[in-house]
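My structure is below; once you've seen it, I'll send some questions.
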């Protein structure tokens, strides 16, 4: 299975009382992303508040996404589970509903050793035949996987096929490219690093930005892919204030507010995460206007 | 309600297949702690793998602990929930079974603002009448609460009554003492800081150490309380290698291994956390011998 | 040679045009410190702007201090030199004028390896017969010496006799005590850690605080030494806002301003360091009043 | 004055006894750099051990470099002085001997406020008519200048014309580009970031790499400048292990060893910096072979 380009993250919209999933809005959000020309859809990632959902809710979102996307692009389903057993259960569910791949981030309470992380991925991988994207994002998960560990898992575990690096440290990508002799495709997950990561050889960009920036993330990817460095740089600097803003505020809050500005009733993130304030919304409006 | 001295953490022992709770061993573990002369028992904290339990399991451990302790010392039940709603549910359960207090740590995936943290505690506090210990441990929870925020919550939320500071930074304790004019009792949650925290005025020490060190943590507390500085210092340096070791290896792994050495079948922590290796156990044995 | 208690730092006062040393004011500053009951005087340390002086100026201050103190307490002269050769030159000068000891901090531009640091001390030590205090203060010097390295140098280099630890990390002191089996006397150089460091067994406290707090630092030392924990704690919390303030603002600026408030014409630090602003001086006045 | 492309750093070679400057070897080193096709020469920077030289030595190196380069490319002379007065003296000397520009890094012992840093540059700038490159390298200097401060100085001080950013953080470059609306030319000073910095719009790359890599740094610059992204990326990954190695070992040590391999008697850095070990030299040889 080949994967490259823009992997877009949908939000998880909740029902009015905050307790269940709002499936019609999820459908709208997915259609918006498909219309942006993204190359794949990754529900239940960080933007999708995966860690905040009950198992039932998580299954509902996963199944509804696969059904709605209906093969138009690959669906890569996110897992963020504290226990190995919990992660295996969700991985099997993803496989059972026909997902194309899973993206796995080992969230922690107690720090994990490299051996524990390796075993975590190995046991999940052994339980399913889906290809796996290793997802490193220490700022949210509390687990930092070194390039060395990531490349070792790529060598040792057959269905580990890609890595998404979200530390925002370009040297990690250099190290992955070198340690794997260019064989492990890496994706960038840090929005403010999107341009340089693509220059450095990233296979793609995993991002919630298409929710608010439409086809512009894809345009950036294509400019770099086509070697049009000047156009890519100009577009990147145009997008950068917005990219930085969505990250700084926490993706669920800001992306949901950005969808509301487009008349999609995305609502608020789950508490204790707060909804965007009036000031947040004004700033978002201002930044969006500046991009146009 | 007055709380001071040694607040001891029990482990959560699992059944042989790792799926359920081993209540008889939990009983043994609680009796061991009570025999150590601790002043309170705090199940379902970090040592208790609270974050790794299903809701059912968490309730089982909470209820069994209250029943077993049976009023011999206060029981302070730990909550570590990502969502406000989940935390409220567990707080109410703790109240319903007759717990004496709850200890609340706001674990995160997305970083929380001070406003979001304040609202989190406020909503939990409003749902129950139990006194609350605010628990700050950024290394595990991903949330760092400043002394300013903690003291503000103490002023604003009636049932916030204590704070447990586990950053290991003595200056945080100084700041809490100053900002609250000495009114907010603080407990130390960092084992290698135990002696100096008590010197600096901590009301007590929240620790899993009595599981392996018996009544020695209490002796340290009493030496400082009685102003016997030299005896306290000598005892602390004697305990320190062991205190450091239990923290460095991750409390559930090391404490469970330490209980096994005392013939309590504590078993392994929940995966992906690994059990102590043979080398870990040898080192533990060596350190325990050195304390005696 | 025994050294313990309060080691006080004088400032280096400059002449009106900022170019030379103001020796009469240096005398006043030294007499003030001697009157505070300090146990030793350490000119040309961080507070003394050692790193900002020409070699001539440094020699003038060193010689004038030894002459003025005239054996009333030991004089420990500070060296902060980038090159080994420069440090040796100053060490020899200190010996030639009858200093009692030297305090050596290896400032860096390029990071130094442990081997390079060890050789730096070894070569200085070989050039003089004075006892040496190793001074660790990475925040100013850019060099961080681990407890392991410090204890190794204590074992390997005969005239290394003490260490001054200024990281503010109490665990460093624990480690020094353990690694040297209690044989290497350690001094605390972080003002906000003064109380706990003494509790943990520090031989003394190297501090500029007597310039503004008179005999109170000595009183704190004596309370701990006498095992009067409650009096020590109460005094420490009384001094703490002031101790924190002098550190936060940079010692030369704040201590010079504090001497001006006592009618000693200490002047300004050397540029680019700025003099205290009117707001700084008001705050200092307010904090001093609060101590009384 | 326009400045762009590769700004190459010569070493400062010492005489056999380590006490004086070896001018013939300095000449050889300068000719080697000129032969590499660099666009400018910057003596007395970090690689040139500027901070370790006496004033006399520094003047000798500065004058000899200007004379030797003789207008073939611009000469940008580095200053790294703790005091404002010292920096002004050296800036005036640079002007007096006909240097084209100065590169100024405000090394610190006590942390400097933004106001102090601004005044430092302002006073140096007022003393000479030379254009100034602001040099930010907190890892060596202990001073970290934010993009905001740097751009403010560019706006406020007429002869501040460029910035060299050596933090290795690409987001700093983005911020400088944005805050100055693209008007402040920035140079990259972090070797492992060379490729992405140029993609992001850096005017050039300040580097000691031409000492060991000849015209390859210039080729990288030209590939990016010509929009030949694939050739640039391939070359960068080829150079990267070597770029990383020269930084990791400390530039003076590794670059001097690399010159020795080319039969230039560069000698050792000044103590406490150590010369390259046999293992260092083998590794360097291996990496150089791998580049070819």
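Quick notes on this one:
Every chain is named by a letter (A, B, C and D) in the order it is written, and numbering of its residues begins at 1.
Throughout what follows, contacts are C-beta pairs under 8 Å (C-beta built on N, C-alpha and C of every residue); 3 or more make two chains touch, one makes a residue touch a chain.
Labels paired with UniProt names: A, B, C, D = Dihydrodipicolinate synthase family protein.
No experiment lies behind these values; they were computed from the predicted model shown.
Number of steps on the shortest path from chain A to chain C, with steps defined by chain touch: 2. Of all residue numbers seen at the chain A-chain B contact, over half occur in both copies; the interface is built from largely matching residues. For chain D, the chain whose average C-alpha position is most distant is B. Rounded to whole angstrom units, the spacing between the C-alpha centres of chain B and chain D is 52. Per-chain CA centroids place chain A at a distance of 35 Å from chain B. In whole angstrom, the spacing between the mean C-alpha positions of chain A and chain D is 39.
Residues of chain A in contact with two or more other chains: none. Put simply, chain D touches chain C in their complex at residues 18-19, 46, 49, 51-52, 80, 82-85, 106-107, 109-113, 115-117, 119-120, 123, 139-142, 250-252, 269-274. The part of chain D that touches chain A in the complex is made up of residues 168, 170-171, 174, 177-178, 192-193, 195-196, 199-201, 224, 227-230, 233, 237, 240-241.
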